[in-house]
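As structure tokens, here come the structures.
Each of the next two complexes has subunit A plus one more chain, namely subunit B in the first and subunit C in the second.
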Partner chain A sequence: MNRHISEQFDEELQSARQLMMEMGGLLEQQLSNARDALFSQQSEKAMHVIETEKRINGLEKELDEHCIQIIARRQPAASDLRMMISVLRASSDLERIGDEAKRIARTALKIANQALPDDRYAEIESLMTGVEAMVARALDAFARSDVDSALANIAADADIDRRYKTITERLVQDMQRHPDTLDLSMSMIWVARALERIGDHAKNICEYVVYLARGEDVRHTRNPTANN
Partner chain B sequence: MTTSNGGAADTSSIQDQSTSLKVLDWSLYYGASQALKSISLDIPQRKVTAFIGPSGCGKSTLLRCFNRMNDLIDDVSVDGHILLEGQDIHAPEVNVAQLRRRVGMVFQRPNPFPKSIFENVAYGLRIQGGVPRGELEDRVEWSLKMAALWDEVKDRLKESALGLSGGQQQRLVIARAVAVQPSVLLLDEPASALDPISTLKIEELIHQLKDNYTIVIVTHNMQQAARVSDLTAFLYLGELIEFAATEQIFTNPSKKRTEDYITGRYG
Partner chain C sequence: MNRHISEQFDEELQSARQLMMEMGGLLEQQLSNARDALFSQQSEKAMHVIETEKRINGLEKELDEHCIQIIARRQPAASDLRMMISVLRASSDLERIGDEAKRIARTALKIANQALPDDRYAEIESLMTGVEAMVARALDAFARSDVDSALANIAADADIDRRYKTITERLVQDMQRHPDTLDLSMSMIWVARALERIGDHAKNICEYVVYLARGEDVRHTRNPTANN
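Here is the complex of A and B:
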């Protein structure tokens, strides 16, 4: 993409992108810390996640305000307009990913004193790793306007949803088999739910990448494909 | 001006019913220099079509072809066809004065005559002749209403048009143009000399006029093109680069050159 005649405009767009990437980088840390907090029972990391969530909320507001200023002052068109719309939408999904990370950290604190039965939650930990990778790929696809990667990631969300379903079914069985750990199973159901939602948000971000790069709205579309 | 197309085109059979102006392989030269390069496009009836592009891209030149204003310039030659409702406007039997009655034009600077408001609007009707005195008053009122100016001037129709504000003068000129009931209105940067409020009034007027007229507007103000037009044509160095629905041009143009221009990038 060529530079704008107004260098100032280029800088404004660049700083919107940077703010979004800063937010994304912070979220990747949040998810990794939330995973350690939950599965390695490191409470200090859970506290850190809860504390850091405020910064993410602040970044969301800062990013929104920045985009609103660009829209008001520059009246962006075409790819610039699509960039603003995509960043605004993505910032809202990122903020919600932050909320889910906090939810997981809260759960970690709640169950910090309970012994986790060996291997019973390995599938959830693996789901979490998968979701983290999905968020990382979504951010990367956004940064590079990479439609192919975005579309692959959108398709991958179906796998996350399938695994989520299997895990919740297993957890319901656990509740019947091990009434002594009923609370724990319940908590883990909420964790799995949070992960499934994070996957949805990552998928949303990938849909914005397609809009950003191609001007095509693939939300609520079954199996969007690379047709351009 | 010389034309090399020598008569009416036999392309009228392919004329789409909803097309007002059909431009076919149209080129224009100032001497040896080619200002318009084989342009083809269909301008639909009762829609607003905007021409955008950098200075010197040929957008005003193309607009002026539609009522043969370029005939007035020495050393201009043209090639191709322009059909108005299926008829080649350069056909030998076409009377240019009649053509200009069907294709009205409004310029960048309002150019009312130094006469009364009433006489400005009545002027074209008087020239045209055949409009009885009683009907003349009705037609002036109707035209001023069409131009959204009636309420502001109805009590001072006999006062000089030169006493009106710039925005009012521009709407008066539009009233004068619609008085003779043309089918096409050409607007050459109609709001570029006006303040923002007057500009919005002109834009609102354009929106209302398209119910009855085919409107072609040249504008340097891209936001204005985005606001008022249904279709946008982007011209660059005499070529038509892209012609599409305005919503597409401003959100997802298909040509990189269009994208660079409307996003303010170096092309």
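Here is the complex of A and C:
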């Protein structure tokens, strides 16, 4: 390959990564806005999240087409191909994180006029910031191809799952004890569920980082480690 | 490309499709077993579904590796590349259908010793057979690259979503009226949710069929039609 073509190819690969990071940055904003919409009852932020979801869907298509074009025209070998496959996979997880953010924003609109009991949902808000941090770390690990950070993040998802389980159990108890706020509890169960799913998608992205660096598929592997 | 290599290449493409169809067939069994486990309270079938999920995860990895190998070694152009990308995407949706089947099987185990009220959950069972039919049609459309059938199936998902919405609204009413069976209603809400998700995955697979045949990405398109 001559230098000119090789430089062009590098630029194309970089632009795919950049587009993915742009999409990731937009999702971080979506989650932060969805959190404000829900816990500070800022309806205009909920509307904004719902509006912005279309842009994320558009970015997913654009990114996917870009990657497929690169594969078709450049026929990348080994590690470059793994990069393109990983970006393709990650774009799908990012888009699904966007779906969940939209679900949370819709719930925020639904309960915008209801009084939220003080501190009753502090744990859910804390789960949400935990999940947001997980998404940020996943994107960062991807950007820096940081396997150790990806593995730590994969392990952290178990903690998210545990907290999700405790929260939903308490919400079901709430429904039994306070049937008058059953709808609100149910809404919060859907929010907790969305957060648990977002954690899974962040975990998936970390699994692609490991695949990218090692060529090893650690999906469905219990406790993948640095020594694997 | 000489004839020998070209024949080998065709065989490899065919074997990827076949592996995907094998995975699809296994998932159809999983869903049927999960339904028997839940509505006929056959716990041994629930156990079988939970056991079999590992095999599906293994098939996903095998299929993905096979596709990536083909892309790396054969550098397929245009339609063959689209086929490999579509199989890669479909394998992820199939694996997630497997996750949902396992969730339903776990719920079946949890409520195995509870008396199910007669006909109370007939609508959910009917939703489940509807979703199973959707998965079967999606796999069939993929196998035959049948765009018309894929488009009809994409349209049918809206009906699944409507039925899901009605069912969950009724279950929430049930919870308010019969707090004594609140746990059971909650379990059924999770089942309905899993079914709605399975419908979405079947729809995704149909979108790949359109992409495969036309090179057109119809994800996030409202009412894609035969004239698009």
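The working rule: the second predicted complex is superposed on the first by the 222 of 228 C-alpha atoms of A that agree within 3 Å, B and C clash if a C-alpha of one lies under 4 Å from a C-alpha of the other, contacts with A are read in each partner's own complex, and residues count from 1 in each chain.
Quick note on the criterion: a residue touches a chain if its C-beta (ideal position, glycine included) is under 8 Å from a C-beta of that chain, and two chains touch if they have at least 3 such contacts.
Model, not experiment: these values are computed from the prediction.
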{"item": "Partner chain(s) touched by A:115 [first = subunit B, second = subunit C, both, neither]", "value": "neither"}
{"item": "Which superposed partner A:92 touches (first subunit B, second subunit C, both, neither)", "value": "second"}
{"item": "Subunit B versus subunit C as contact partner of A:77, first or second or both or neither", "value": "both"}
{"item": "Residue contacts with subunit A in the superposition, subunit B compared against subunit C", "value": "C"}
{"item": "Which of subunit B and subunit C A:5 touches, first, second, both or neither", "value": "first"}
{"item": "Subunit C-contacting residues of subunit A that also contact subunit B", "value": "75, 77-78, 81-82"}
{"item": "Complex contacts: residues of subunit C adjacent to subunit A", "value": "54, 57-58, 60-61, 64-65, 68, 71-72, 75, 77-78, 81-82, 85, 88-89, 92, 172, 175-176, 179, 182-183, 186, 193, 217, 219-220"}
{"item": "Subunit B-touching residues of subunit A, taken from the complex the two chains share", "value": "1-6, 9, 75-82, 214-216"}
{"item": "Subunit A-facing residues of subunit B, complex", "value": "222-223, 226, 249-253, 258-260, 262-267"}
